[in-house]
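Shown next, in structure tokens, is the structure this report addresses.
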Amino acid sequence: MSAKPQVAFYWCASCGGCEEAVVDLAEDILKVVEAVDIVLWPVAMDFKKADIEARPDKSITVAFINGAVRTSEQEEWARLLRRKSQVVVSFGACANMGGIPALANQFRREDLLKYIYEDGPGVDNPAKTRPQASSQDEGRTLSLPELRNVVRSLDQVIDVEFYLPGCPPTPKLIMAAVQALLSGQLPPKGTVLSPDHALCEECARKDSKPVDLALAAFKRPHQIQIDPEKCLLAQGLVCMGPATRAGCEAVCPAGNMPCTGCFGPSSRVKDQGAKFISSVFSNIVPKEAKEIDAVLDGVPDPIGTFYRYGLSKCILRRKLN
Amino acid sequence: MPLEQKLKYEAERDVKFANWVTRETGGENLRHCIQCGVCSATCPLSLYMDYTPRRLINLAREGFKKEVLSSLTIWLCASCYACRVECPKKIQVTDIMYLLKRRAIQEGVYPRHFPIPVLAKEFGRMIFLFGRVNETLLVIDLFLRTNWFRFLGMTRLGMNLMRTGRMSFIPEQIKRKRELRKILAALDAEEQKESAL
Amino acid sequence: MKYLYFPGCSLKGTGKAYEESLLAVFGALGVELQELEDWNCCGATAYMSVDETKSYALAGRILALAERERLDVVAPCSACYLVLNKTQKSLQEHPELHRKVTGALQAAGLDYKGTVKVRHPLDVLMNDVGLDAIKQKITSPMAGHKFAPYYGCQIVRPYATFDDQHNPVTMDQILQASGAECVEYPHKTRCCGGSLTGTVPEVGLRLAYILIKEAKQRGAEAIVTVCPLCQFNLDGYQDAIAKKYERVDLPILYFTQILGLALGLPAADLGFKRGIISAEAVLAGR
Amino acid sequence: MAEQKEHQNGIPRIGFYICHCGSNIASIIDVEDVRKYVATLPGVVVSRDYKYMCSDPGQELIAQDIREHKLERLVVSACSPNLHEETFRNAAAKGGLNSFYFQMVNIREHASWVHEDKAAATRKAKDLARAAVYRVRFHQALEKRKVPVDPNVLVVGGGIAGIHAALTLANAGKKVTLVEREATIGGHMALFDKTFPTMDCAACILTPKMSAVKSHPNITLWTYSEVEKVEGYVGNYKVSVKRKPRYVNEDLCVGCMACIDACVFKEPKFPDKFNQGLGKRKPVYIDFPQATPKVVLIDPATCIQMKTGKCKKSCADACDRKAFDFNQQPELKEIQVGTIVLATGFKTYDAKRDALYGYGRYPGVFTALEIERLVNASGPTLGDVVLRDGRHPKAVGIIHCVGSRDEKTNKWCSRVCCMYSLKLAHLIKEHSGAEVYNFYIDMRTPGKGYEEFYDKLLAEGVHFIRGRVAEVTDWAMTPEEQGKLVLRVEDTLAGFVRRIPVDMVVLATGMEAQADAGEVRHKFNIGCGSEGFFQERHPKLAPVNTFTDGIFIAGACQGPRDIPDTVAQAGAAAAEALVLIDAGHVELEPNTAHVVEEECCGCKSCVPLCPYSAITLDEAKKKAVINEVLCKGCGTCVAACPSGSIRQNLFEDDEIFSEIEGVLAQ
Amino acid sequence: MSEQPSMAPVVAAPAVAFEPRIVAFFCNWCTYTAADLAGVSRLKYAPNVRVIRVMCSGRVDPQFVLEAFAKGADGVLLGGCHPGDCHYAEGNYKTLRRMRMLIRMLKELGIEDGRFRLEWISGAEGDKVKAVVNEMTAQVRALGPLDLPGKFKEWDREMEDLEQHVNASAPQQEEAHVR
């Protein structure tokens, strides 16, 4: 076995963006590849589960796992890698907080399956067949991973040492993390590897944010001509910047789009959505319930807005039913 | 004149009755009465009553059932709501009068020669039969049942009403009597269920 | 403007003049009244003494029928007005009663959600039609006539919200709008003894006598009322009053009759001939 | 009994104490069971119960345990922290522990007194105790802030309460500003001829006090003035007062009243407010001869010069001292005080609201205040009791409880009207010889010499009829009722209804909060009870304190009361103010908020939320900063900071989260 | 000392009828005082509410409400001064605004309406404390237990088999994080 650190990459419920982010390291990736041995990287190389199972426990130096945990297979892999690795890094918004896949926590699994396999437009499935966890075909037993009732963040399934935030994490943060790991100068367990203050700090529009927002209406980006200089929140757009951890260098606001919160909250906040509500809505104009409600109507999908990347980490975890 | 004993013993009180009154709709805050007497003073009929409304309230909350149910007061009450509007403690005197009337009819202790309870019952019967009330028939019926002699004295009024076209001997009826009876029957059933409990 | 019309038993019987004049006046003012289909007796106050829940159910049926039409209900008879409003309130306040009554209604295929508004003609005239609109339509004002406005006990107490409980004024204003004068009549809401005159005449007659005498003393040529029971009681027993006290002979009219005259409607359409005490003086010159 | 355990690693050593409060707590809550249970919680090394924790031995017990068992945190389950939080903080300090390492659990007001089910109440007591035990771990050592107290005092309202409080403070050497809304001080008492029960002459006892106020070197008297704005906090209030223009220079006028004689209106023509409209006054007037200050003023609504600018101004000409100034403007004054006494008094119930009593409709119906003026030797009739048409009444009916003890209007008993009705009955009888009827529901005469006064009236032959009058009418049923006002009432003691004809009806209207009490209390940031009177901190133990430190209340603004009680309370309020002034400083709760600079992103979300503008943005650093002197610790900004960068002493997120966890853990 | 092994028997046996647990956040100046007043007046009300005192309803962070539910509350009551009466001038308006949004959120996440309630109760309204507590207790009782901790456990049960399977031969057991 070589002396280089052994590194694994794994993807759970992922869009591929996080993989892309690793590739986006450009020439830096070469440095990384040089410095380490990659023992698992499904997107790029072929490995077998049995190979990993065969390794001694804790023999992998660090595993980067991205994507939310949605199926039994992902769960199994996560546990397996946990067992084999010294350090697990939760990589990207989905792994950290459930991400986009966690929006499914607003629905019952049954309803989802029914829609996908029966009711959805374009579905042609008169027999109403659904994938089964295990089925017989020509005398063989075929098995499929099982869809879980709850979409989970990685740390709701296994213990995690560090978190790389972002959807996906920026190359800069990834590189910094890799260097820290290689150098062995590790922050305390549980650390999110980006600055622990909110995004406005990094945002070029910060100075144009008025002291008193006094919002009387909320808008969605397509409804207005967005002023490219002015604080987006001040324009009535729901910018999650103040409740979102910094580190992305405000790329979304720079691109004229409000922050949607993919970096998650600061370390002092348990629930990003609740905290955002508390800050922004305390400062709206009306005082009467009715008028307040009229303003709130400007945010038609509160869950999708405040928990776009974090429903798994909402204190309530999912919709009850 | 025979002497009447006015002393009351605790044994003569019917505590259950008092509790019943305060549990019925309308009687809930009866115990708050401060005996100010404004109900009696405002009542247009109190001058004929054997117990003024105030005294009746006190008798009821103390549980003097016999006195309360056999009093003329409850039958003299014309439901004008004056007392209820004036009462400083928002006691629903008129509704209390109603519930005492109902209880008196149930227990059959109302004054026999007094036509009002009869009228009330007759009224109910007519509604059950026709769904509406014909005042002419109601009055005739009433007098025939209580004091047909007085009826003769009223003929003048009758003639006047005939003359002005305000009297009719044909009862008005509703079309869907069944529907009405179903409603009333449903309530009877409910009541039976309750008493069975 | 369109309303459901709940006449109640009286307006079809002894109170015909009220119905006749009301329909005429509302017609003249362009207010449409649609009679509630297959209405039943509201139970008035008497039924309350026999069975509370059933009396609420009677009123409940009326409200349920009315709710289907999605119109406010106009209930001109004071007793009906009170009973219907009381039912509304009691159903709201007492969930148990609400359960029983709606249960019974449902047993008969009806339902009541509680959305009906019960209105009095005075309320409608005052708040929906408006005094100004009425004044504009007055063609033969009742100038020189003096009336005692008599509201009786049940319309403003205790459920009405459209006027003061102690000193109601809506009818005064309507009479004044029709050009008449109102005498100061402190008895306007006093009980007339109506429910007792027939049964305990000595009590009812006295109350009626006091009311009529006082109106007369204050210079009224008629008592004008809103309640068919009061009208019947005050009008019908004047012979008996004469026997017991003195002859008073004062016509007892409905406010709709006066308003009708002022609107220029023919007296014949306003039920004047139905009064036992004739109202010739009021009609003089018309 | 006690449970003691050894140290548990990582968690601070906690002492738990549960109070029986005699049987107040112990009769409902199984104190023993709670004590045993809490002993099992992590960190708890001492768990005791005691009969009266707040007693000296109770406090000593705590102090000793802290020393002996090296306690690091303290939890006491007893009554409301509003009552004894301070007591136990002190006990902690006595034992050498920082007083904020303490958490109080309220199992009396919030449990034993409000629940009947013993098991459930005990369960609740355990839950609450557990919450405190969890919470207290996160407590931090804090110090109270000390701020100096400005020795100057503001007294608002110049009735007998304000007068007495101002004089007491001034006599103690403190500088007092007395602000009165009307043109003269004196309040309601200045309207009375005699006062019950001793029947001393009101003027004889009041006017010397009024002039003492005017001449006292330590009192600044601002009449015809109102407080506009109050800022600051205990010990340091900044108050703006608006002085309304009298159009007469107060310093020049000596009150000779030559101007009033000289006014172009030869006769008084306008209703005299001071005399309840029973008399008339001119546009230039003085409320009454002993008005303090003795300075005339002009009513701009009736003065020709003020309305049209075209008057001969004979008044001004008649003034030797050239005191008139028709161009006077309102003046805004600012003062700095440390404490405030509110003595804004009451108003009487509007008798028109009881339509059936005919006030405003029948000229023979009067309010008690009007009668006070009629029987007053210096009133509009010089003490002659006459009807509005000049006749002398032969029979007078006094109706008690008008606008009192009536759920349609005011629920409460106004406390003084029985007594003043007796007083007026006596005076009317004395002045006019009329038959007097008092209609009462219950006769309430609790006070020194009060029942004796009632006894005297009984002997005088005044009629007392127990019953609430249903109506006053001019409608006669019998010849003797013709031309009279008839009262219809049930004589409840006789058991029948009576009609009683009289010539004059007196309505004993009750006492209500001032119409503007709601606004005034906002200005001073104190509370009102549901009846509208100012809310005291505790009905028995802190009757003149409010929930805002440094603001005290005295007299009828706190609730209906008579003059003896008013004066006693005014003295108490003055004493409370003196306590603060003499201590020289007050200690403020350290529950302020602060921004952790390196965490703050400068989003400014918090800045507009602070009601005291305590938060600003440091322009250089682009970070929010909180001025802890201005912060009053509401915590609104703390809850709102979207990145959790604001902390609040005593109410940290950790503390509250652990309290939530603790209260729900099972 | 060991970690509280004795805690289990303290909890009411499951056979007992459901008694809701309601966490209340009361502001110090109005609602907490009103609750004190209710006590001083010896008003009797349901023993289901546990009060957490804050200085102002404005201190109540929506996170607290969520946390209370997550830790086992069946209902959360928030009490502050009446609008216009806040001891801190306007804190309660801010509370109202943010809580209106929280209410929407709770609804979308399937928490029934009656479980969260915002009430303005002044220091003089001891009777209102009684009425509100009784009413809310009845309402929540009718809604039944929310029991989020139980639900969390139940949701995570779907992972148990696998966890055992993967770690069967593991030398030491990894701890699964719930949150």
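A few remarks follow.
By letter and in written order, the chains are A, B, C, D and E; residue numbering begins at 1 in each of them.
The rule is simple: a contact is a pair of C-beta atoms (placed from the backbone, for glycine too) under 8 Å apart; a residue touches a chain by one contact, two chains touch by 3 or more.
Note that the structure is a prediction, hence the values are computed from the model and not measured.
Take away chain D in thought and the touching chains that remain sort into A, E | B, C. Considering every other chain in turn, the ones in contact with both chain A and chain E prove to be D.
Set against the C-alpha centre of chain D, every other chain centre is closer than that of A.
When each chain is reduced to the average of its Cα atoms, C sits farthest from chain E. Chain B and chain C have Cα centroids separated by 23 Å. Spacing of chain C relative to chain E, judged by their CA centroids, is 54 angstrom. Centroid to centroid, with C-alpha atoms defining each point, chain C and chain D lie 49 Å apart. Chain contacts: chain E has residues 58, 61, 67, 94, 98 touching two or more partner chains. Under the contact definition stated at the top, not a single residue of chain C touches 2 or more other chains. Touching pairs of chains, sorted by label, consist of A-D, A-E, B-C, B-D, C-D, D-E. Of all residues in chain A, those touching chain E in their complex are 57, 72, 75-76, 79-80, 82-83, 106, 148-150, 155-160, 269-271, 273-275, 277-278, 281-284, 286-287, 289, 292-293, 296, 299, 302-303, 306, 313-321. Residue ranges on chain D touching chain A, taken from their complex, read 598-609, 617, 622, 636, 639-645, 653, 657. Of all residues in chain C, those touching chain D in their complex are 164, 166-167, 186-187, 210, 214.
Residues 355-356, 473-475, 477 of chain D are the ones that touch chain C when the two sit in their complex. Across the interface of their complex, chain C is touched by residues 25, 44-45, 48, 76, 78-82, 84-85, 98-99, 101-102, 105, 114-117, 119-121, 123-124, 127, 131-136, 139, 142, 156-157, 160-161, 163-168, 172, 174-176, 178-180, 182-187, 190-191 of chain B.
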